[in-house]
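After this come two complexes, each holding chain A, first together with chain B and then together with chain C.
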Partner chain A sequence: MKFTKTLMATTALTMVAGVSGAADMADEMTIVSWGGAYSKSQLKAYHEPYAEKSGVNIINDDSSAEAVAKLRAMNEAGNVTWDVVDVVAADAMRLCDEGLAMEIDADTQLADGDNGMKASEDFGELLVSDCFIPQIVYSTTFGYRTDLVGDTPPSKICDVFDLEAYPGKRSLEKRPINNMEWALLCDGVAKEDVYEVLATPEGQDKALAKLDTIKDSVVWWSAGADTPQLLADGEVIMGSTYNGRLFSVIEEQKQPVAMLWDAQVFDLDGWIIPAGLSDERKARALDYIMFATDTQRLADQAKYIAYGPARKSSAPLVSKHADLGIDMAPHMPTDPDNAKNTFLYNYEFWADYRDDIDAKFQAWLAK
Partner chain B sequence: MAALTPISRKPFWLVALVVGLFGAFIGLFVGTANGSGPIGAICGAALLVGLAFLYINVLKDERAGRGITFAGLGIAGFAGAGIPGAVLGAIFGAVGGWMIYWIYEGRYRSYLPPYLTAGQVLWHYAFRVICGAIFIFLITPILVVMPLSFNAENFFTFTPEMLRFDPEGYSLKHYRDFFSNNEWQRSFKNSLIIAPIATVISVSLGTMAAIGLSQSHVPARRAIMAILISPMIVPLIISATGMFFFYSQFGNWMESTLGLDKNLVGYIKVILAHAVLGIPFVIITVTATLVGFDRSLTRAAANMGADPITTFFRVQMPLILPGVISGGLFAFITSFDEVVVVLFVGSASQKTLPWQMFTGLREQISPTILAVATILVFISICLLTTLEMLRRRSERLRGMSPS
Partner chain C sequence: MSETTHTGPVLAADGTPLKKSLARALRVEKMRALLMIAPLLLFVMFSFIWPIGEMLFRSVDNREVGEVLPKTVAVLKDWDGTSGELPDETVYQAFTADMLVAIDAKQHTKLGRRLNFEKTGISSLFRKSGRKIKKLDLETDGPFKEALIKIDKKWGDVETWKAIQTHSVNYTNGYYLNAIDMQRTPEGVAVQSESKRIMMTLFKRTLWMSLVITGMCVLLGYPVAWILANLPARSANLLMILVLLPFWTSLLVRTSAWKVMLQQQGVINEVLVWLGLVATDDRLVIINNATGTVIAMTHILLPFMILPMYSVMQTIQPTYLRAAKSLGATNWTAFWRVYFPQSIPGIGAGSILVFILSIGYYITPEIVGGAKGVFISNRIAYHISISGNWGLAAALGAILLAAVLVLYWAYDKIVGIDNVKLG
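For the complex of A and B:
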């Protein structure tokens, strides 16, 4: 009798635990991203469908720019308030190394591709870190004012360094990454040797010397929104920024701007889950990631912004822009026409040399 | 005011000098806009000096001279730059024409005492010009965002349509965006929750502190005062870092020990942090009001049998109310404008208006920010008007009270 009672009680308890276990996910989550048109594309493609499906309340925090510093501080204070964070691959690597991001097993914690391909294969080499769940491929490239560059618009990256053919201001990012590579490419270094040269102090000086030739005509930007604003104002005749921003200037805002795809630099952006979340928040974050990085969702994002989906299986599903109705495929950085001459950003190199070259670059800027 | 000084005609060189300077100043702007500042300045000066010479020596009819300058420059402006050019040209013509005769006829002296030397007259007008320049320097950055907030495009740029006063170039879409966009609405709501509650806390604590510190028997008054107003003096970023770690622990404790909801704890943290920032303003304004407060009134009240609390609410409070309210307004504005501390202490659910503007400015330069700024400027104007009216009321009350 007593035994039966105990058994029943245990069964009941197990059942309760089982039931609550299935629903044991936080009902609110904070997703951190970059803001602007990019956050909007995520809202439409991921957050809204997910909230509808699960009833979770999603709060957006546009703090990705300081994600590394803030996660460090939150960890130190023992109060991590973020559930899913959108970061560039390089930041994900740093966070992973410092133990601030959770490791993900792609094959069990991410959805299979719609063609049955395992996630690890579907993302392929884009899984650059154990903590990183790739979302998009974007590129940093140049846009130019069609009405301010004369009759022969720039077509090669080296036109940026050609003050005679294209006099006027150009905007470049206020950091060495990409600028140093472009400078070397235009100083006659072969594409495959760029990082080898850049690893030497002479190579770094060479790149800075090339940048010196246009330094007086450069406006330095630090936020992705700067170059579009400068181009729209006509304050610069060409400038580097993320290709999705340029798409928005050209197609959505109808400004007289065109793309210069030559030597565009590919980079990755994706999610990480902060380490040390409570079980229910972790369960919620993983459930969200599973949903938001499946084949269809990644393809959906491309309806709102011109960044390429990170899954191979998503590429064929990329369709038209949600509002403008134009085909998005030709605006993707990965489109064969645009990717004729691309430059592959070297993560390992920058992880090793970033601090040194940063210091050198800042000193050069201040000169 | 009647004329003080009989006026007489002035020599031509004086007219030429003044209108020449004025013409050069305006010409500098027109010239810069069209490529060369110096050339514009020379042309502007030559134009006005030439006109002055013609009017004084040939035309000799003031009304005709001023009319010709006004209409002529208006038409020239229209030919050069359309309607905005016409407006600016006409204004330039009207002022220039008026100035020629104002100097020539010696009218500039008519309201000044007759014994002033030429140097004193010069200083009299130079002083006004300097004051005007400072005023422009202060107000232009605020005014310039207002028309931009009606931009039909998504950039911080005066488009050619806007400069032509073409209705196509203007739109209310950024205001619509503010009122329909969830993020903006949520942050506006958060600001409206956080700022008033923080204000009430700062006003109560600050007023009590100020009254306590005004008692002569309190030891170490100056030291306590210095500590209390330190949040205003310490750089905000330092306070914010300290608050971040302090309130993280505090928040964890409230969540785990008291079992409070995460969002509620977030609001409590931000409200308390903002109250700390607001308290110094209340202390300073209330202390200043208490200086003029007549202490014999409290003794009189006590004599009549009122206990200290009744005395405070019935006698002291009504008299220092203007100080309390203006301190409260400052506390409110501090919280309403604050971005650094809320970035550190708050989480995304407590995103306030300045936070949303800050991220918006960094990630997407959208004129919605300008629309919000315009709305906030109007809110501030309303608050400051209230402040000024309260100040006048307090002056009136003081004038009536026996001293």
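For the complex of A and C:
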């Protein structure tokens, strides 16, 4: 039995090796990502082992922030120069809608989990779009200055809205997403009703009215690095940002900051393959994806950055940080202790309502 | 004064009329000149005029609705949306036929995104219904009115069809209306609902703050340019490097440096608290608002003001000032009546440069502007890279361009464009 399995695995491996050695795959590929510590974690966990295995030359491009606009322009010009692009799930959905990304069949084009689970099951509900291959789960959550919040540190999301108990500035992202949900939650709306309420004009006004109560004490950020800087300088006492940023403020820079995981909002980041690639480049991109999103590779990335792997089968393999040597599991947003009260970014809702609510939110900000 | 008695045309030596002969000679000259500038002309056409023109064209282009739903658009023309009744079966059948083609080409979700700019919820309506409409058969599954409403009850909502009808024209004024806080509705042009009015506020703010920034640059730049122009060359060069040094530093670095300076726990506030001028719990708020934007942008754009002023002032003869003083003018009169009028072309050039640059700035306002210090360009950037509403972005851009041209024209009328010198 065991022998058969080994034999099958070997055959499969030889086949894969045979395919990747074949001449019908491009020997150069451009991978687009966000840059900084995040790209570095991908370089270590994915690019370097893949390049070693296949001999392909990988070119990195840090353009993910403008991926949608650029892919649109490339598509119109009829010259797509990217092979694999790292985007957040909401962007993947937009690219899929506009026909700019290729549809992926999870079960045939992605590796099975190392426990034999089919990819569609292993990723589960995180496959939020037909074109999207999830990679990491990150969360938007709050960090607070332990030395500036008094004797009882904040423990609930609604403490953000409590100016009496926690006077001082807080930083929030300059967009409606997440802020509106938190505001409604703290205005007494039940968690399961949040999006139903937010879909109505009255619900939107309600959320803005709640945000109005702290408007004068808010510093609005637009780059993920803002809140860490504001916290480190003592400019704000608490602020929202991505959990990986807070991890580096706390563990790498040793600032007096702690995490408030309550009502953290999960979001996904992953790959898409642009539509309209030539056959060789498409084969190369698919081969890379098959390799880079398998169970071990996703778990490896967590050695370099505090984001949770998107596969269920990767979670048990998450080990220690490569440089700091600390256990990474307790820093994962998906860790049971951190994930007691969570949201998953509602892609369908925001794809519909983003433009409408954003216009209202900006008008409210300008008032 | 000899009077010519000869009435016919003047002839050249070879007998052809002189006018013709001259024109021929000039044409050759012109052709040669054109050939010489041809590379530049082509470059400007292809890299500048054509792309900008194409981008501006998007502000009226709305052909995608008619391209994806040709049959539906044709039959919807006869439907009276104001009657409050749903369109009849022919519309539903045409729509199903169009959708089947569109789903095959994966165009329906794209159209859903487009129509979602006008009516919230259409994006998911097209995406979700698409999966089910795909299974319908045009021959056997009618009537489609019931079938579609069964798939999603929004197909039984008059508003959905009104939105499609209203935005089915090939060339629309909808984007321009949205850009000035109005909207295109089935009943005609209407004002945008109050809670979503933001564009005019931003346009006014952009123009006003750009004026303030230009004014600040004139006030701060003039004395510096004067000193530069009147120092001996050695020390002037040294000072010039100080002016240019920030010019060579990355924009992001300079903007972020202002954060360190201006924030409440920043350098300026710390110094003021230390001097006892400001109470520690009452620190100045000079960043993340309009003040922050004005300070940071004035600093960033200052070299664009100083350089043209400096090069104009260098050409002003110091002898004029001495002459004025020797004729009895006070220092002030000599400056105001003799020196200043000669330096106006430099102020004009600098002001135009700074004003036009600041109108289009978006990185600095985004970083230091908070909620009240952002410009219309930040909205344009949002619609280009996040919402994907390029039509609206193009309309906003076109309006901004028109505003600059109008101001340029007004400047020409008031000050005179001939009176602008870069050196």
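By our rule, the second predicted complex is superposed on the first by the 346 of 367 C-alpha atoms of A that agree within 3 Å, B and C clash if a C-alpha of one lies under 4 Å from a C-alpha of the other, contacts with A are read in each partner's own complex, and residues count from 1 in each chain.
The rule is simple: a residue touches a chain if its C-beta (ideal position, glycine included) is under 8 Å from a C-beta of that chain, and two chains touch if they have at least 3 such contacts.
Quantities reported herein were computed from a predicted structural model and do not represent experimental measurements.
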{"item": "Superposition on chain A - do chain B and chain C clash or fit", "value": "clash"}
{"item": "Contacts of A:D356 with chain B and chain C, given as first, second, both or neither", "value": "second"}
{"item": "Partner chain(s) touched by A:D233 [first = chain B, second = chain C, both, neither]", "value": "both"}
{"item": "First, second, both or neither for A:D62, with chain B first and chain C second", "value": "first"}
{"item": "Contacts of A:N79 with chain B and chain C, given as first, second, both or neither", "value": "first"}
{"item": "Which of chain B and chain C A:T30 touches, first, second, both or neither", "value": "first"}
{"item": "Superposition clash, chain C versus chain B, among 277-285, 349-357 or 367-375", "value": "277-285"}
{"item": "Interface residues of chain A shared between complexes with chain B and chain C", "value": "65, 223, 229, 233"}
{"item": "Touch list for chain C against partner chain A, complex", "value": "106-107, 109-110, 112-113, 116-117, 120-124, 127, 195-198, 201-202, 259, 263-266, 288, 366-367, 370-372, 379, 382, 384-390"}
{"item": "Touching residues (chain side chain A, partner chain B) in the complex", "value": "28, 30, 32, 34-39, 59-63, 65, 73-74, 76-79, 81, 223-226, 228-229, 232-233, 253, 255"}
{"item": "Chain A-facing residues of chain B, complex", "value": "153-157, 183, 244-245, 248-249, 251-252, 262-263, 347-349, 351, 359-360, 362-366"}
{"item": "Of chain A, residues touching chain C in the complex", "value": "65-66, 68-69, 72, 94, 96-99, 169, 174, 201, 205, 219-220, 222-223, 229-230, 233-235, 348, 351-356, 358-360, 362-366"}
